[in-house]
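Worksheet: one structure, shown below.
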Amino acid sequence: MTQNLQLTADGKLKHFLTPEGLSAELLTQILDTADTFMDNSSARQQIKSMPLLRDKTVVNLFFENSTRTRTTFELAAKKLGAEVVNMNIATSATSKGESLLDTIRNLEAMFVDAFVVRHAVSGSAHFVAQQTAPHISVINAGDGSHAHPTQAMLDMFTIRQHKPDFSCLRVAIIGDILHSRVARSQIHALNILGVKEVRVIAPKTLLPAEIETLGVTVSHDLQQGLHDIDVIIMLRLQKERMNSALLPSVSEYFHCFGLTEEKLKFAKPDAIVMHPGPINRGVEIDSKVADGKQSVILQQVSNGVAVRMAVMAMTMGNFAH
Amino acid sequence: MTQNLQLTADGKLKHFLTPEGLSAELLTQILDTADTFMDNSSARQQIKSMPLLRDKTVVNLFFENSTRTRTTFELAAKKLGAEVVNMNIATSATSKGESLLDTIRNLEAMFVDAFVVRHAVSGSAHFVAQQTAPHISVINAGDGSHAHPTQAMLDMFTIRQHKPDFSCLRVAIIGDILHSRVARSQIHALNILGVKEVRVIAPKTLLPAEIETLGVTVSHDLQQGLHDIDVIIMLRLQKERMNSALLPSVSEYFHCFGLTEEKLKFAKPDAIVMHPGPINRGVEIDSKVADGKQSVILQQVSNGVAVRMAVMAMTMGNFAH
Amino acid sequence: MTQNLQLTADGKLKHFLTPEGLSAELLTQILDTADTFMDNSSARQQIKSMPLLRDKTVVNLFFENSTRTRTTFELAAKKLGAEVVNMNIATSATSKGESLLDTIRNLEAMFVDAFVVRHAVSGSAHFVAQQTAPHISVINAGDGSHAHPTQAMLDMFTIRQHKPDFSCLRVAIIGDILHSRVARSQIHALNILGVKEVRVIAPKTLLPAEIETLGVTVSHDLQQGLHDIDVIIMLRLQKERMNSALLPSVSEYFHCFGLTEEKLKFAKPDAIVMHPGPINRGVEIDSKVADGKQSVILQQVSNGVAVRMAVMAMTMGNFAH
C-alpha cells in the first residue's frame, strides 16, 4: 500500500513519505539526480540553479517548528525556480481550530503544487498524501517518530560520496533509536541499498521492542558495537529524554554512549562520523569528534540541499499536471 | 466620500476598501478581470501567471493574524510577478509602540507600491488610504466588523459561475450578521449587482439594529427563511460568541440555525451553499452539507486567488506611477 | 585588525561591520554606489532594480526582533535580484540551544552568500565574520551597543544630499549616547568623512566615560549645544531607560533634551533634523519637529534602501566566488 501511494501507475516517484517499500533503483535515482545539481567545477562546491519548477508553488506546511529543515526546503525549492509559501502552523493562531484536512483542502484550492509536511503525529504525511488532490505531491519532512526520508537520503548521499559501494559497509546507528524518525528511515534506506550490516547501539531503554525485525543487529556496548564499523551515525538526544526515567543522567549517558576520540578508535580507521544535527556537544558527541577529520556532518547539510532538490524535481515533474 | 477615496479622478479603481458606493460596472469589471486569470483549458483549472506587476512591491500589513488570507494575497501577488513582504505586526515585538501612521510613513518611504491591510479596528483601511502617499494602493483585507471586500467579490464571482444572472437571484446570508465584516460587504455587493432579494437569517441577538436599511429582508427562522432561495451563504460563528450571552449554547444554535441536509431541502433544489471559511463543522454547518454536492466552498477559495489578482492588477495598474 | 577583517587583500569591502578603521574613500564609494541606485528621473523618486546579485542568497539572521530593519534589507536584496531567507531566531524555538557558531556553520553549508546579522551582544557580527567561510560576506545590522554601520551610512548619505561638503559641518548627536550603537557608528563615520565638529549633547548619565577620545565635543545643555549646528541627529530613548535610575522622568527628559520648535531655533536656520526611528513622539522629539520642514527623517528611510543595496553589491561582488 505504501508503495502504491508513493508511486505513479508507471512506477515513478509521486510522493516521498518513507524509504520503506521503495526499490534500490528508485533510491539510487534520487542520489543520481541529486548529483546532477552539485557543481564541483570550481574550488568551492556550489549548487546549480535550474528552473525546473518555474510557475510551481511549494507550501512548507510546518506543524512543528524547525527553522533549519524549513530553510533547506525553501532554498532547494527556490534553486529550482519555484515559489515558496511558509506556513508555520505551530506558532500561528490562524488555524482557528481548523482540521488538518480542511487546511489541506483550502491550500490545494489555492493552486499549489506540493506540500512539504512536518507534523508531530506519526502518519500525518501519509494522511495528507492519501487525501490530497491527485496533481499534488507530498514530501514528508518528518512525522512523529515514524519517518524523515529526505534526511535519510541525504545521509545515503553522504555515505556514497565517501564509500561508493554500499554492499561492503557496516553502519552503526547510535543513540535514541526508540524515538527517532531519522533512525527508522536510515535503517530502511540502508537495507534497501544493500549494506552488509546495520547495527544499532543504544541502552535498552532507548530501543524499540523487536527492533531486529527491521533488519538490524543490536549492541548495548559502544566499544564492542563499533568493531569493524565503516559509518557511524550519531543521533541527537532530545532534551525531554535527558530528564526522563529512560536515562540515568546526561553525564552517565555521555560516559557510556557519547562518541569521543578514544571511542572512535574502536571503529575502522577510515570510518566517517555523521549526525543529523543540531548537535548536543558533550551529550551524544564530543566536540573534538564533531569537528574532527572523520566528521562529515557539514557535508550532510550541503548534500541536503541537493537531495531535496532531487526529491522535489522528481515528485513534481514525474506525472501529468 | 468613500467613492472618491477609492477611485481616481477618471473613475478607475485606486484603492479597494469596500464595495459600498462603487458601481455595478466597476464590480463587474473586477469579476471580468478575474475571469481572464482563470485557465480552464485543461482538465484541471489553473491560474495564469502574468507579470503585470513586475518590479512592484506589495506589503501584507497584518495587524490581525490570518495565515489563510495572507497566503492568498501572497500567492496572487506572486502570480502577477510582484515582490511580497509579509509584516505580521500582531505577533512581532517590532512595532515598538510606533503608531499606525508612522508605520505607514516608513513603509511608503521604502518604495513599496501597495498595502494589503488587515486590522481589528473598523475604518483602519480607510485611514491608511487617506493618509498614504498618492501613488500607493490600499486593499482592505478585513477591518473590524466593517468590510472585507475581496471576500465579497470572490463570493460574487462564485455566484456568477453558477447563476450568471444576478437579477433573478434570492440570496440568504445566515448566522452572525452583527459581527460580520464579510456579511456587510456581501450585502453591499449583492445589492449593487442587482439581485432580486438579500435575506438575512439570524437570531435577533446576532442582527444589528435597523439592518433593513442596508437593503435586506429579515428572517429569524431557518426553514421559512430558506424558501425560494438560490444562494445560501453561511457565516462562521466566532468562538468568542459561542460562550457569550448572545447565544444560549452551541447545540441550541446548531439546532436552530445550523445547515443540515434536511434544512437544505427548504431552499431551491439547485441552491448553492457558500461559506467564507474556516468552517466550524457541526456548529453552523453539518459536514454532509459542507462536503456535499451543492457546496461550492472550495471553489470560493480558488476564485479568491483570481479575484485578488484582479483587484491588485486594477488598483496598481490604473494610475500613473 | 578591524580593517583587515572588513577588507579584501586588495582593499575592497568584504564585510561591513563598523565604519571604524575604514577610509574616507571607501565610505564615499558606498555613498556614490548608493547614488547609482536612486532614480530621480521622474517626479517621484524611485529605486532602480538591478540584478547584480542574481543566484545569490542572503540570510537575514536576526537574533533580535526588528521588522523594520529586516524589511529594508529584504527589499534591498530583492531589488538586486537575490533570494532572501529570513531567520528570526529570537522568536523561533528552532535553534534548539544550538550555538551561534553551529548555526553559522550549518547555514554556510547550505550554499548561502551573505549573512545580515542582528544580535544583542556587542561583537557578534565580528565574531561571525571571523568564523564564517571565506566566500561569505557579513553585514552588521546592529550588534549590542557597538555598531550599526548601514544606519550610519544612510545618515551620511542623507547629510550629503542636503550639505554636500562635510568639511564645513558641525553635527550634533543628542540623547542616549551611552547605549547607542547608532551614535557610535555615526561618530566614526562623521570623523572619517572629515566634518568640522561632532558634538554630543546628553545628560551625564547617558554619556560613556571618556567619550571625547572618540573625537567629539560634549555639551550637557541643549540650547548651548545647538549653537552653530548644521545637522541635528536625535537618538531614540529606549523604554527600558525611561524607567531606570539613569533618568529622572520622561517629562523631565523631554523638558531638558527633547527637541521642540523653540529649541530648534538655537541651531542654524537651515539645520536638518534626523532620527534613526522609530520615533518616540513627545519623548525625545516633538511631533511638530519630526513632521516639520527641517525634518529629513523619512528621506533617511528611503536612503536606507539604496545604501543597503550599495553595501550588499560591494561586499558580495568584490571578491572571487
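Labels for the chains are A, B and C, by order of writing; each one numbers its residues from 1.
In the analysis below, contacts are C-beta pairs under 8 Å (C-beta built on N, C-alpha and C of every residue); 3 or more make two chains touch, one makes a residue touch a chain.
Here the structure is a predicted model, which means the values were calculated and not measured.
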Interface residue identity across copies subunit A, subunit C - same or different by half: different
Angular offset of subunit B relative to subunit C [C-alpha, multiple of 5 degrees]: 120
Distance from the mean Cα position of subunit C to that of subunit A, given in whole angstrom: 41
Per-residue overlap in subunit A, given as positions that touch at least 2 other chains: 91
Residue ranges of subunit B touching subunit C (in the complex, touch as defined): 55, 57, 83, 85, 87, 89, 91-99, 102, 105-107, 109-112, 135, 321
Residue numbers on subunit B that touch subunit A, as the complex places them: 44, 46-47, 49, 65-68, 71-72, 74-75, 78, 91, 239, 277-281, 298-299, 301-302, 304-305
